[in-house]
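So that we are looking at the same thing, I have put the structure below in structure tokens.
Which chain is which? They are A, B, C, D, E and F, in the order written, and residues in each are numbered from 1.
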Amino acid sequence: MDFSAMNSAEQAHMTRVIERKQMQDFMRMYSNLVERCFNSCCNDFTSKALSSKEEQCVLNCTDKFLKHSERVGARFAEHNAEMMNGSGSK
Amino acid sequence: MDFSAMNSAEQAHMTRVIERKQMQDFMRMYSNLVERCFNSCCNDFTSKALSSKEEQCVLNCTDKFLKHSERVGARFAEHNAEMMNGSGSK
Amino acid sequence: MDFSAMNSAEQAHMTRVIERKQMQDFMRMYSNLVERCFNSCCNDFTSKALSSKEEQCVLNCTDKFLKHSERVGARFAEHNAEMMNGSGSK
Amino acid sequence: MSFLGRGSTPSSGGINQERVEMATQELDMITDIFNRLVSSCHAKCISTRYAEGELNKGESVCIDRCVAKFFEVNKKVGEKMQAVGAAAGAGPSGFTSL
Amino acid sequence: MSFLGRGSTPSSGGINQERVEMATQELDMITDIFNRLVSSCHAKCISTRYAEGELNKGESVCIDRCVAKFFEVNKKVGEKMQAVGAAAGAGPSGFTSL
Amino acid sequence: MSFLGRGSTPSSGGINQERVEMATQELDMITDIFNRLVSSCHAKCISTRYAEGELNKGESVCIDRCVAKFFEVNKKVGEKMQAVGAAAGAGPSGFTSL
């Protein structure tokens, strides 16, 4: 996004909006991750304790999701940059 | 909805709220549509280019979803009008 | 949550935020419940009227979901209280 | 004292905050229900093969019935919730007290 | 009269409300699309057995292609919506008039 | 200069905007987690045949264990994310700079 058309008061306001949004995004990703890994890894409710197998699954799930997000984010940034440069055509 | 009980300052404010909301609804529908048609139509990731079959599927999916939304919207408006008139009973 | 560090103006503001949020939560739960019970109970669209079997299913679904939510809420509160007391470790 | 526009006293520029807020929440509620309705009836009625872009006859009829049934369910759930007085204690905000 | 900061007159402290709001909405839009992209490509590319925490070669390649295809779909849907002028009448807010 | 209530200077009517905002975000976070917990444990524990409106014994026990396990997962994910310092670069807002 390009905020260069904004005056400094507007840019200061947007900085604040973006900071708040980043916090919200982070929290949303966190709870989404808990839900996602819980749903994928926990299917046995004969006990309330996490088995070591379930725990390993949760750790791998978290790890993999973060790496996935990062990779998607990197590709997303490249595509966005391309589109900004007007070479967005196939 | 009925805003006739409001004074003109309140009505002006609601108009603004509604305009913003329509914009948000539209954007949300747009990204929902991209997600929906992508998920339904794209299952082959041996290539990064959209095949002609996938492209046709996406176009039909978009077309159909918009027609679906419009039809649901029309029925929704009718039911709402009925309920407002107090003839909401079966 | 603990708002004891706040001054009275801040607490008054938070009370208002919480009231609004409770209203939103309630509305969200309501529409979520309609969607959930509709999706689980209604699969026959040869008629537009709710069959008595479907109606019973919707009533049971609503009942059960509310009881489920309450039970989850009770356990959630217990776990939160435990965590606040610092005995959150296994 | 209506510090933050609570109560029914109008505050900034003749706007009754509470009334405006109620209307905004009602609007949010209607939008939410509508979006769920669109999504549910799409799942129930629309084939995802997408061989063509038009709604066929069967899909169109299904949509009309689906919307009608969804409203019936909406009514039943509303009645049931009023009967059990469900507003209280179902969310986590209930745990929060000042 | 620009009572609530409408139009392009700057209001509080030199901030043009409308410009700031547009930028905020654009930001929301990008975030929404990104979250759906992450979720869709996870469903398409990542095995949920979670035997290890690394992305393997196949998953990595799949992600790259998935993102590229998602952008293509994004473009096609955008063109189609412009062609049919889809902004109007698809949401429930359209039923609301003052 | 604390133009928009940033920093820790109290602004309107003795309210510290930042403190109030943090509390509001924490409330949103708890609500979000709770809603996902309700939905996940419903999927894991509740039969969708809906032959009766009561929770049976098996469902009740399952709910209790499900909530406990969900909290355990919450803790593991939190620890893992702290370990990898995951806040940075995972969202699209990170691409936005002024």
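Keep this in mind: a contact is a pair of C-beta atoms (placed from the backbone, for glycine too) under 8 Å apart; a residue touches a chain by one contact, two chains touch by 3 or more.
Keep in mind that this is a model prediction, so the values were computed, not measured.
J.: Using the touch definition from the top, how many steps at minimum link chain B to chain C?
T.: 2
J.: Taking each chain's centre as the mean of its CA atoms, which one is most distant from chain D?
T.: A
J.: Mind checking the centre-to-centre distance between chain B and chain E? Centres are C-alpha means, answer in whole Å.
T.: Chain B and chain E have C-alpha centres separated by 14 Å.
J.: Where the CA atoms of chain D average out and where those of chain F average out, how many Å apart are those spots?
T.: Averaging C-alpha atoms per chain gives centres 22 Å apart.
J.: With chain centres defined as C-alpha means, what is the inter-centre distance between chain A and chain D in Å?
T.: One centre to the other, that is 28 Å.
J.: Provide the C-alpha centroid distance between chain A and chain E, rounded to the nearest whole angstrom.
T.: Their C-alpha centroids are separated by 14 Å.
J.: Which parts of chain E, given as residue numbers and ranges, touch two or more other chains?
T.: Residue numbers touching two or more other chains: 3, 13, 27-28, 30-31, 33-34, 45, 64, 68, 72, 91-93, 96.
J.: Touching two or more other chains, which residues of chain B qualify?
T.: Where chain B meets two or more other chains at a single residue, that happens at 1, 3, 9, 13-14, 18, 21, 25, 28, 41, 59, 62-63, 69, 73, 76, 90.
J.: State the interface residues of chain E toward chain A in the complex, per the touch definition above.
T.: 13-16, 19-20, 23-24, 26-28, 30-31, 34-35, 37-38, 41-42, 45-46, 48, 50-55, 59-60, 63-64, 67-68, 71-72, 75
J.: Along chain A, where are the residues that touch chain E in the complex?
T.: Touch residues, chain A against chain E: 1, 3, 5-7, 9-10, 13-14, 17-18, 21, 25, 28, 40-41, 56-57, 59-65, 67-69, 71-73, 75-76, 79, 88, 90.
J.: Could you please specify the touching residues of chain F with respect to chain A in the complex?
T.: Residues 3-4, 6, 21, 25, 28-29, 32-33, 36, 39-40, 43-45, 61-62, 64-66, 68-70, 72-74, 76-78, 80-81, 84, 86-87, 89-96, 98 of chain F touch chain A in their complex.
J.: Which residues of chain C touch chain D once you look at their complex with the stated criterion?
T.: Result: residues 1, 3, 9, 11-16, 18, 20-35, 37-39, 41-43, 45-50, 54-55, 58-59, 62-63, 66, 69-70, 73, 76-77, 80 of chain C touch chain D.
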